[in-house]
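Multiple structures follow.
The two complexes that follow have chain A in common; it is paired with chain B in the first and with chain C in the second.
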Partner chain A sequence: MSISRIHGVFDGAAVEPPLSKFEVKFTPLDLIAHWKRCGMTADFLAYFIAYAFENPKAALNTLSTVINELLENAVKFSANKREPVVLSFDHFGDTIRIETCNTCSGAITQRFDSFLQRLGSEDIEDLFIAQIEQNAATNRSESGLGLITMVKDHNSNLAVSIRPLEVGDAHEVRVRVTLNANEVDQS
Partner chain B sequence: MNMEDADHRIENTAAGCTMTGVLRLATPGAYERIFNPIHDAMIACKTTYVVDIRGLNFMNSSGITALSRLVLAARKLDLPLRILGAESIAWQRKTITSLRRLHTLLTVDIQDTPAS
Partner chain C sequence: MKSVELRVAVRNGDVMRAQYLIVDMYHQNYGILFSNDIVDLNSGIEPYPQSYLLGTVGSEVVAACGLYTRDTYCERYGEVTKDDLQQQLASEGLEARYDVRRTVEVTKLVIRSDYNGRGLGRWLFQAAHSAAFVMRGDEKPPLILCCATRSIFAAMHEASGIRARPLRKFPDYPVHERYRSADNPMDSRLIIPTVDIPPAIWNKPLPCALTLEER
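The block that comes next holds the complex of A and B.
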């Protein structure tokens, strides 16, 4: 498990600079101590982005849902709760890219890796139901449902890069969700 | 500043519950405390149990997990269950309809008008 790997397709560096962008760093501990800060952040950033849309109210619900899921996951599964997680947003006109970057322990990364392999190969509706049945039998907090719904319900391109860090068993995990801006505007 | 729990409301009756606001608790386990009365009501329910989420603007994936556990509980009880959702709330229209496959006695009713 010590090699870098990529799940999905990273759309690479953009030719043009983004029309709009931001990047925010959080200390996971701050959000864990006051969990509602995840939702507050997601709502604020979604308002910021949706403000420029034709149907801001519809876009707001989808954007806040996506940002909140990514941020909650990044905070919950970060290996060191004092080490910043990064949340970034880029709007390229036709597409919107939302990305988180955090560290994960070796054990969580391994389970995440297996889950992503299933996400990339199995029928998404079947996987959604299978995960619900499996979660009911166990009690793990890592349900995977959030990422499944990103793909299943928001028609997003999900890409994940996993890179081992030089020291220890932790990995850097970057999760990128790319959405179609028109679909978000009409959601 | 203490603003915990100020963003959602769950009203329980014998035949159903109504959830409004925002539900983004940290884990599925955190939902157990607020969903336990719903589970108890389902056990006692003799007709169709109705979960009205039309006024619930957001629910995170831990909440979807907890809600799906209610569906599985209804399945175990052989209890007809009806989830009322709002067409205008994207996550409800898109995600909740997929729960139908969990329970043959589950009806997911996505309506045009939000809860008053």
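The block that comes next holds the complex of A and C.
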């Protein structure tokens, strides 16, 4: 039987309530049907968040990149394309937390799990090169390159919780990115 | 006995129903994404057809098929040129009857998986090659292009008595890697409706219905 796994530091409930927060539900099919909606949504939500920053233009790029990456992955790999994926944002003052929650099939979860083990144990620059080479060799874009770039270039703290659901082989996958608010403001 | 009703999608809701069945099946089976304006075959993002046939059982959508009425896939990505089409028409002495600028392409035929194996696919395929679907009120019939694997041409076109004339081998794109192979490559082909499509298919009326046998 499958067991729950945690990759990275996936802390539980926040000690203090967030200063700012929102939660949006998407039907994956709506984004798969119009793929540009991922980028549009990421840009809009990033603008919404960055608007309150000292240096909105600087924050916009990092926020949009992170939201887009999480949203695209959640949508692409969700098991049921008609079941909502949830994207949530919490601003705790010093830190920003962006998270997606969706269900994945057992096979997808296993692949993701292996990738996360590599991400947690290998040198990120080496892994980045290895994934680029793999992409070029296989013509595949589902290599986690986006997640690697997010951690490498945007100093994101990535944590993932994988929990088997009670029925079938599906798993609940929560991908959480925590950013330093000051760094985002000066990025 | 269930009956599948087939109609041209005209209303916004019907177009969306057809698109969503196509998207659902294509993503599930081939990992393909869709967009109107950021099409990229190397990244697995396909363009939408402009017109659709929609098959329903009651309020459920069970089948759909698309039609490119401009910017056909074969011409946009398959390197098919107007000269290729002109040569085919000349070989039949039909240059005056057709306009190489008027091309359409039947594409993205999908059957909901629980309705597979009941003859619905070939029935829909044939309806998609009817004048009622491809002519769209025009006086002259268009030239019909198609892009598929050779096994599909054998199972659908040849089995229906529709002649599809080879134009060019379709270039290899990552987006097609889950259904084409070295043994089963993709071609761009041409159908000249009045000579290549049997009259019973060309004159098929729309809307129409197919009664399915109970399993």
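The rule is short, and it goes like this: the second predicted complex is superposed on the first by the 183 of 187 C-alpha atoms of A that agree within 3 Å, B and C clash if a C-alpha of one lies under 4 Å from a C-alpha of the other, contacts with A are read in each partner's own complex, and residues count from 1 in each chain.
Quick note on the criterion: contacts are C-beta pairs under 8 Å (C-beta built on N, C-alpha and C of every residue); 3 or more make two chains touch, one makes a residue touch a chain.
Because the structure is predicted, anything quoted here is derived from the model rather than measured.
Of the two partner chains placed around the shared chain by superposition, chain B and chain C are both touched by A:35.
Looking at the shared chain after the overlay, A:69 reaches chain B, while chain C stays out of its contact range.
When both complexes are overlaid on chain A, the residue A:183 reaches neither chain B nor chain C. Legend: residue contacts after superposition of the two complexes on their common chain; A:81 is shown touching chain C, with no touch to chain B.
When the two complexes are overlaid, the chain among chain B and chain C that reaches more residues of chain A is B.
Residue contacts after overlaying the shared chain place A:136 against chain B, while chain C stays out of touching range. Common to the chain B and chain C contact sets on chain A are residues 32, 35-36, 76, 139, 141.
The touching residues of chain A, when paired with chain B in their complex, are 32, 35-36, 38-39, 58, 61-62, 64-65, 68-69, 72, 76, 125, 128-129, 132-133, 135-136, 139, 141, 143, 145-146, 149, 152-154, 187.
Across the complex, chain B meets chain A through its residues 3-4, 7, 22, 24-29, 57-58, 60-62, 64-65, 68-69, 72, 88-91, 94-95, 98-99, 101-102.
Interface residues of chain C, counted against chain A in their complex, comprise 19-20, 23-24, 27-28, 31, 33-38, 42-45, 174, 177. Chain contact summary for the complex, chain A toward chain C: residues 29, 32-36, 76, 81-82, 139-142.
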